[in-house]
Structures are given as C-alpha cells and as structure tokens.
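In what follows, chain A forms one complex with chain B and a second complex with chain C.
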Partner chain A sequence: MTTAAKPPTRRSGVYPAAARAGKLRRRHAVNALMAGLVGLAAVLATLPLVVVLFYLLKQGASSVQWHFFTNMPKPVGESGGGMANAIVGTLILIGTASLIGLPVGIGGGLYLAERRGSRLANTTRFLADVLNGLPSIVMGIFAWQFLVRPFGHFSAWAGGVALAAMMIPQVARTTEEIVRTVPVSLREAALALGYTRWRTSLTVVLRTATAGVVTGALVAIARIAGETAPLLFTAFGNQFWSTSLNQPIAALPLQIFTYAVSPYDDWHAQAWAGALVLIALILIISLVARVATRGRFATASD
Partner chain B sequence: MTGAAVSSEQAGSPRERPTTPSGADALGPKRLGARIQGAVIGDRIYSAAITLFALCVPALLILVAVEIFLGGWPALRRFGFSFLTSSAWDPVNGVFGAAPAIYGTLVSSAIALAIATPLAIGVALFLSEFAPQWLRQPVAFLVDLLAAVPSVVYGLWGVFVLLPVLRITVMPFLRDTLHLGVLPFFSGPAYGPSMLAAGLILSIMVLPYISSVSREVLLAVPRSQREAALALGATKWETIWGAVLPYAKSGIIGGVILGLGRALGETMAVTMLIGNRPQISASLFAPGYTMASLIANEFAEASGDLHLSALMAVGFVLFVITLIVNAIARWLVWQVSRAGGEKTA
Partner chain C sequence: MPPGPSIASPTAQPSALTPLRDSPPPASLSMPPEMPLETPPVISSTGSRSTPAPAPPTEALRRVAPTTVTINTPAKPSAEPTGTPRLSVHGLSAFFGGSCAVRDVSVVLPDRFVTAIIGPSGCGKSTLLRCLNRMHETLPLARVEGQVMLDGQDIYGRAVNVTALRQHVGMVFQRPTPFPTMSIRDNVAAALLTASPRPSRARTDEIVERALRRTALWDEVKDRLRDSAVGLSGGQQQRLCIARALAIEPEVLLLDEPTASLDPLSTQKVEELVYELRRDMTVVIVTHNMQQAARVSDRTAFMLGGELVEVAPTTTLFTTPHDPRTEAYITGRFG
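Up next is the complex of A and B:
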C-alpha cells in the first residue's frame, strides 16, 4: 500500500513518465517474484509428505504380507514374524479410549453449543483448547501417576485413559462447531411442536449434525491411533498375545518404536511395514471422515 | 441459538402452563400435568448430564496438573530452583538438573519455527490468495495430512533417511564447503543424531498447525480490506503486504505460538533423532536432549523414586510452559477471529 501511494509524489521528477514506468515494472516484478516464492513454499511444504509416503511404500511394502497380520512377533533371525498382537492391541486401545472419550466429548460439545456465552461455556472452551495443546507425553505421565502407580502394574486401561484424555477436548470442540451450524429454525420448529428440550437436542439437533459429529470423532480417532508417547509407560507394549484390559498390551506405534531403535535389520523391515500399516489405517479413517461430510459441513474437517 | 430456544419456549409455555383449569380438554388435567412434569424432569436430567460432561474438561486439566505436580514434588522440594538451572543430570548419584533438557527444548523448537514459519505463511497465502480455486482443497488436504502422520513414523523416516543425508551430505556441506564451521553452531563432528536433525523434523511436524491457523485467519480478513488496496492500484502482493498481512498479523503470530506449543512437547520423533545426551553444546551438530525426550527415554527405566520424581518434575515444567504458550496463542487467535467476525458481520 505504501508503494502504491508513492507514484503521485514522483510526478514532479525529471522524467516522470519513464520513472513511473520503471517503478511499475519493478512493482510487477516484485509481485511475480513473491507469487513464485509463495508457490515454492506450497511445493516445499507438501514435499516431505510425498517423500515420507514414498519411503514407507518402498521400504515397507515388501514386508506387508498376509502373515504380517496373522503372526506374532518372532525373535531376530526368524522370518515370518508379524504384528497381529500389536494390531489387535491398537484396536482395543482405540476402542477403550473411544468408549470413554466420545460420550464425554460429544456431551461437553453439546453443552458448549447450547449454553454458548455462559461463563462456564467460555471457560470450558478456552480450557479445552489449552488441554488440546498439551504434549501427549504429559498425558502419559499423568495416566502413569493416576492409574499405573497406584495399581502397581502397566495396563491397557491406563493407555486407554491417556488416549481418552486427548480425545475429550478435541471431540468437544469439533462437536460444538458442528452443532452450531444446525439452523436455529430446526430447533425452534421442534420446540414449537411441543418437543421437550432434551428430545429436541438429541433427536433433532444432534441428529441433523450426525455426519459432522462422526467426522469429528473419526478425526480424533485418527489422531490417537498413531500416538506413541502416552502409551510408553501406560499400555507399555507386550510381546505376547493379550487382550486383557488389566495387562500391558501391545500397540502398533509402540512396536514400531521398539523395532526402529533396535540394531537389527529384520526388525527395521518390520518397523517400516508396521508404519505402512499404521499410516494406511490413519489415511483410511481420515478419508472416511472426509467423505462422510463432503460438501455438507465445510468446516468439519478443520 | 440459546436465546432463540429460550424465547420460543417462553412463547410456548403460557399455553402449556395454565393447563389445569382450561386447556386440558384432550388429555385430562392429571395426565397432562404428569407429562409436563416428566418433560421438566427430562430436561433437568439432560441439562445436568451435559453440564457434567462439560465440567469434565476443567476437571481433567486440574487432575493432570495436580497428579503431575504431586509426582514431581519430592524432586522439586529437594533441588529447589536449582532444578531449573543446574546442568547435572546424574541418576547414579541422585543429582538432577533440568537445564540441558530445557535448553534443548528451546533450541530445537527455535530451529523448527525458524524453518517452518516462512513456509507455513507462504502455504497459507498460496491457499487463501494465489492458488486457483480447484487447487485449494487438494493442497490444503495434503498439508493437513502432514499433521496426520504419527510422530513415530516421522521418527522412523528420520532415523533411516534424514540422518544419513545429514551426516554424509548436509553437515559436511555446511561446515566445510560453506565454511560455516568457523561459527560455533556448525562446528564439531557430524554424527547425525543432533539438535539440527530434531529441529528439522520438528519443522515438518509443526508446519501444518501454523499454516492451518494462518489460512483461517487470512480467510477471516474482510474483502473490503483487499478491495480498498486493489482500488488504489496496488498489485496483488502489495495488497497482501500492505492490507491483508497487517490485519491478520496477531492471528498469524497466534498460529506460530501454537506451533511452538506443539514443538515444545513433541516426543517420539525428537527422541529418535536428537541423540539423547544431557549436555549443553553451542553446536547444532551435537546431540542433546529435550524435556519430552528425556521423559520418554528414562521414565520406564528410572533407577529409583527420586529419579522418577525428577522426571515427573520435568514433566511439570513442560506442562506449565506449554500451558502458558497455548493460552497466549489461543487468546491471540481468538482476538482476531472475534474482531474479524464482528467486522464482516
């Protein structure tokens, strides 16, 4: 804007027309240069994703065979090892976290949307955002102190609670955003027909917002599916088959970490394969989330 | 929505409330009374339930703070303020100072932000101002996907792809070919696992957070702001530089601080790439530690109660720092979106 305002003062120059033409050329050159740089930034920013996915496919694809999903981990040197226990463990952890986190998160989101403007809603919204930004490792040591230390052993429960604690604020906020997009007229129509408030909220408002709420839930699930730090000293990992919530349980991200920092090539290959499976799982969940709300709630995925 | 709901119910209630004498033709006074009673109870239960769920959020934050503080209290009491300033981290002799981890956290995050901020703002500008309409959604999706890749996968990729490249190509190039080795930051042997590696991987990981907030803020800048500048004859870039960016400035800063919060607490990828050594070194080629990686690395094998407590205390410090950083960021972003909302409305 400052440069845009200057030309009038230059009119008193010796060669006004030429000077202005030169200045204009320079301004257009700067404009083109910056447009180029911005485009370059977009390329550079998406490049890592392409490179990471390329390496995952290159290094992991050969190890992802049927037995990878059905076999247990094998010691170094034995071929045919798999991550069956870790895959099931991750699903169990996701399930536990969802059972705790989704109802609380969605309920809290309904409150935030319906009591918008109340002091508790404003405070809760702010704290949810703050909680959302807390490092996942902090959730891990919280769950350890809260659920592992008193009981004296690692457990799938503790891991599930740590992950649920990460889901709650996020689901609450996305639910709120979606519920707020439901037209007021729908709610008014239901109330005018004599619906009670709770039936209006649950069977009219929440039902209308279902697709968006499901998307929010899926995005949260995709996020916790890959979390490792909160599980390090809660779910802990397990080399054996275990589906008990009271025992340490294996998880895909934990297994990838263990194998990646090990010194064995066999295990490195397994780590790549595990990472490929994990990212495929997360991509599928994310894509389902996108498709579920395509064109209906533009803000849903953000 | 709340206001409308209340008013519509008030509009309905005068018809319903005095049912007992007059309006009870269809159901009979008692049954209608019972139904209304039931509705009132249902509403109360519903209202109590969602309030309870909402209260879970502050309760959770308080619970996390209290549990971690209690866990770290023995170490904090024992070492006092020197816990933050001492660089001795010696589990064998039971002496703990978190200074190297705090230093490493700050430096790796600073590297990450220095790289990610210009790129992220560039992407946000590309998506909000420059890109053709058909390209915006796909590129935004790809950048969002960067945030969906798990930390441990970035770590894996970093260990087997990024570290060799750094060790063999980038570090010798910076140090010898560009003669930056005279600076303390780029001196010393190139091992691979280093502050630089951690900062690089962090920059990839925080970029999507900064760019998505920036894009949102840029989209909230009123059209009139752009049109006024264009009408004065400004080029596209002059419009952005003179009219759009100043308007969005504090929101973008909020986004950067939000990215800082992510970088400070990022654990797995950093743990795998930073070398995990409790030392303060000026060289970015040297290994270091961050608070998060210190906890991740030593917690499960802590050698005693004091060691555990010291790690919890590090967690508490991290908790407090990220809490403050996030609160500032949210406040800044909230200010802008509120102002933008008011002006566009």
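Up next is the complex of A and C:
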C-alpha cells in the first residue's frame, strides 16, 4: 500500500497532539526568554551612556554658565573662571586634524575600495588595521618625536598631526566599507558614458557614498575630540589665550584632566562643566552631520 | 558538421510571413497565434503600414519611416547590409582568466540596423556586447583578442582613447542605473561633462530636452527635472538611461537586455524607442526574449557556448534557419 509506505512526517503524527501542544508551548517560552535577554542586552548597552549623561548634567550643569564660555581660567579662589581658551583650542585642534586627516583618510579609503586586490591596497589595509589598534599615547610619542623635539617647543600643529594620525586609519577603513557598498552597475554606467576612472570614482562612486563617508568622518572627529593622551606632550595645554598653531594650545580634555586631578573643589566643578561641554560639542557635531547629510536626495533613495 | 559562423548570410527570402505583411494589418489586437514573429500593432503604427503600399519588397514595409524623417532614412529594401558597415568584429575572443567566454566571433553590424544577439544564458552574448565598447576589460582578469573595427579603426588599437570610444559607442544595461545623487536633468547631462568644450548651461538644457523627447520621457518629467532620478519608475529610469546615452550622440548604441527588469508596458515603450533609434545609429541589442528579437531587430545573431552559430536577417533566422542548433533553439528544444 502506498499510504503505509509513506514515511511519517513531524506534522502528520510522529508526535501525539498533546505532545505537539507541549512542544509548541515550550518553543513560545524559549522565544519569549530569548527576546527578553536580547532586549535586556540592548538596554544594558545604552545604560552607560544614559548614566554618564545624567551624572554629568547633575554635576556640571550648575557650573555651565555664560562666563564659562567667555572667560579665561582664573586662579583658585576667584569666581567667574571659564574655559574659553580650551573650547577654542579644541575646535582649532579638531579643525587642524580634520584638514590633514580627512582628505588623506577618505582618499586612502577610496583607493582601498577601488583597487582592492592590489598589493599596495592589501598592505595599506593591514597597516591601517594595526594603526587603528595603536594606543593613542603612542601616537603622542610619535608626534612629539617628529614635531615637538626638532622644533624645541610644544605646538598646536603637533597636537593636530597626532590627532590626524589617529583619524586616518579609521576614516580610511570606514570610507572603504561604504564605497564598497556602491553597486558595480553604477560604476559601469559611468565608465560606459566615457568617464575616466578618477572621474567615476569622485563624481559617481564617492558622491553616492557621501552620506556614509560623512558619517564615518564625524564618528572619527567625535572620537578624537575627546582624546587626551596624544595631546599631553604635543599641544600640551595653555593657561592663556592662544590661537597660534606654533604655540602650545589649550584643549578641553587637557583642561579637564588638569582640573580633575587638582585638590580644589571649584576646579572640580569646572572639570565637570568642561566634560559636559565636551559631550555637548560631540553631540552637536553628530547632529549637524545628520542634518547636513540628509540632503534633498537622501529620502528619495531610501 | 553544421556550417560555421557566417558573416555573409543568405539573402532575405520572402518568408511565409510575406503575404501577411503586405496585406493591411488586422484591425484588432487579435493576432493569429501562428504569427509569433509579427511585430505588434503598436510598433507597426510608427511606419506607414496602415496604408497598404503596392506590394513592396518584404522588408520595406517595416523599414519605411514616417514622412517627416524620410530624408534621413535611406530606404532599406532588405535586411542585407549595403555599403561599408560602421562596426564589424573580426576573430574576437574574450576571456575571464583561463576560461573563454567568446570564441573567435566574426560578425558585421550594419549601420542603421538593429542587430539582436540571442542565445541561452552564459552563451557569451553579453560579453560579446561588452567587447564592443571595451567594457569587458574593466572586469578583473578579463582579456580580449581579435579586432573590432569602428569606422575603419580597430578599437583595440594602441592609439585608441577608451573614454572617447565609449562616447561614440553608448551602452545601456540590464538594470536601470540612474545616478542616485543626481537630478533627472543632471543624469541626462552626465556625459556632457566630459565633452570638451563643455556645452553652456542653455545648450545643455537643450540637449537634455532633446534626449528626453527622443525617449518619450519629456512629457512625463519636464516638471520635475530637478528631482531625484530615483523617484522615477523602473521603466522611466531605463528610458532615462537611454536618454543619458543618447545625449552625447553616439554612433552605436549597445543594449544589454534593456527590458529584462521591466514590466510589459515599459518593455513596449523601450522597444518602440529602439525601433525609432535605428534611423540614426547602429543598434545592437542582447536579449533573452526571442519574441523581442523578432519584434525589434532587422538582423539576428544566434550564439551558443561562446560561438556565433548564425547571423541572418531576422525573418530568415526565425523562419528558415540554416543551422540545426539555431532551429533547435528557436523552436524551444533547449535554452
């Protein structure tokens, strides 16, 4: 009989109905448990950020007043001190690092993506990964050795270069990843129109990947904005107003460090305020980037 | 042994379709099912077929253009190439690393004709097409041997500027590839950026409008030229890509399964467009769809396993193929 020869399937009766119901219940239970665990992990992942923000607001908000942004640091005991020089210094350092780091990083990433098989690309990719894992203090030593020692003085330049050196491998790798997501068909369409390779890369491939590349660049900027170690013996910090690239320059992380390890309560309050401003700065950079890259075509391509 | 690839194909025989062609087309859409090769009524409406001419040669009816452009369109009494062809292929082989995708193909692609390349998947028809504007070599490990002559010059010659060549030999791909960051206008104008001297803004607008009109897209997009091209439908995107290729006035247009990802209505529009384009340029179209080849092409080449089996006027190839393999394919015995 053909029906008897038919192998029993799970659905058709290896398990009695009661056992099937039990199995189903068990599967529902396991599903609920796993969903709960994953949800918990998601909450835990964001918890540190929430706690840090909350604590910073609690500790620092009272010290963030108008004069904090406009005034220079004042000696211990005098009220009304600010971090104007450190805020401007950090912006200058970020600007210098971006001017050097972004073109090199994005250009390098484009090369890695467009000539992915070449020996130079493979070597560069490996070195970029090594550089990415390099402790930031080592970057500081490198910049000190080549940009501080020969000139005999600390400088904003040296700090900017140290930060740029930290940005480049990261920007290059994220750019490469984003550019690789641009479909080959677009590249071919451009080549078939008589575009040269470089024009295709710049005006079609990179432009298509702009949103992702900008996001990657801003993540890198946000990361270096809070770096302290590479600045310790390059930009060095400065208690006075200076915007010269040739002079030591103040920076928020350095100022926070100096104030936080001091024994004075009002300097501690200033350190909290500085940390809050630094976080706010990074947040603003991210938000500006979001708005800027939204563009007029972003919604259409979604 | 079946006869090898033939460059000089037999003259167009008056086929079984001849009487039907010479008579006025049926009034309705109800085409007899035994006429799969007939062009659909909508395409025939572009010609003057509705007014029955006094028994012209077989192909002439399909060839007659609307009166406004007759000056530009020399009458083609048959699907046989006459005069010197613009584009011809001589002993072309294409490789991916060690494997040979196209083997020793020689074929003439006559000017102002639509040549269709048909064949089963993987037969090398797309690769052959991509050799005609040197796009094949952009792929890793790709290699080409042989000659492709365009206006008497080997495009694989040493002095050839590849980017300039690709402006003379335009290409449209299987999937629409509008540049997502550019507006509709900028997409069409994309290739003009490489021209020197670069046309002025006003001149560019003119060229864009003309290209969009040629692809019957102008009325659909004229009010949103500044919008993203990604907002268009698939069929509109594909016609946009054709407009983009046409904007630089290529002499040859290569179409690589241009309707493979389109719905029937969009397919019809693209086919009508291809039919129109033959007035001005050499068109080579790769297609999976034999009916499409029959509808739009003057000559059809059949490829199998990287070799060119047969090339002949379309009606001949589909009615009285020379090679048994062609016959097996077009009658649906494989592929």
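Following the convention adopted for this analysis, the second predicted complex is superposed on the first by the 237 of 302 C-alpha atoms of A that agree within 3 Å, B and C clash if a C-alpha of one lies under 4 Å from a C-alpha of the other, contacts with A are read in each partner's own complex, and residues count from 1 in each chain.
Heads up, the rule we're going with is that a residue touches a chain if its C-beta (ideal position, glycine included) is under 8 Å from a C-beta of that chain, and two chains touch if they have at least 3 such contacts.
Treat the numbers as computed from the prediction; the structure is a model and nothing was measured.
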Check: Is A:V214 in contact with chain B, with chain C, with both, or with neither (first, second, both, neither)?
Finding: neither
Notebook entry, point to check: Once the shared chain is lined up, is A:V204 touching chain B (first), chain C (second), both, or neither of them?
Noted result: second
Note to self: Under the stated touch criterion, which partner chain does A:G117 make contact with: chain B (first), chain C (second), both, or neither?
What the structure shows: both
Note to self: Touch test for A:A275: chain B only (first), chain C only (second), both, or neither?
What the structure shows: first
Margin query: If we overlay the two complexes on their shared chain A, which of chain B and chain C does A:T196 touch? Say first, second, both or neither.
Written below: both
Checklist line | More chain A residues in contact - chain B or chain C | finding: B
Margin query: Is A:L186 touching anything from chain B or chain C once the two structures are fitted on A? First, second, both or neither.
Written below: second
Next item on the list: Could you list which residues of chain A make contact with chain B in one structure and with chain C in the other?
Entry: 117, 188, 191-192, 194, 196, 199, 301
Note to self: Under the stated contact criterion, what part of chain A meets chain B in this complex?
What the structure shows: 1-5, 7, 27-28, 30-31, 34-35, 37-42, 44-46, 48-49, 51-52, 55-56, 59, 103-108, 110-117, 120-121, 123-124, 126-142, 144-146, 149, 165, 168-169, 172, 180, 184, 187-188, 191-192, 194, 196-202, 222-223, 225-229, 232-233, 236, 253, 256-257, 260-261, 268, 271-272, 275, 278-279, 282-283, 286, 290, 301-302
Check: In their complex, what parts of chain B are in touch with chain A?
Finding: 1-2, 4-5, 8-9, 11-12, 16, 39, 42-43, 45-47, 49-58, 60-61, 63-64, 67-68, 70-71, 118-123, 125-127, 129-131, 139, 141-146, 148-157, 159-161, 204, 207, 211-212, 216, 229, 232-243, 258, 261-262, 264-268, 272, 292, 295-296, 299-300, 311-312, 315, 318-319, 322-323, 325-327, 329-330, 334
Checklist line | In the complex with chain C, residue positions of chain A that touch it | finding: 117, 183, 185-186, 188-196, 199, 203-204, 207-208, 210, 296-297, 300-301
Notebook entry, point to check: For chain C, which residues are in contact with chain A within the complex?
Noted result: 133, 135, 138, 140, 163-167, 170-171, 173, 175, 177, 179-181, 190-191, 193-194, 227-228, 230-231, 241, 244-245, 248
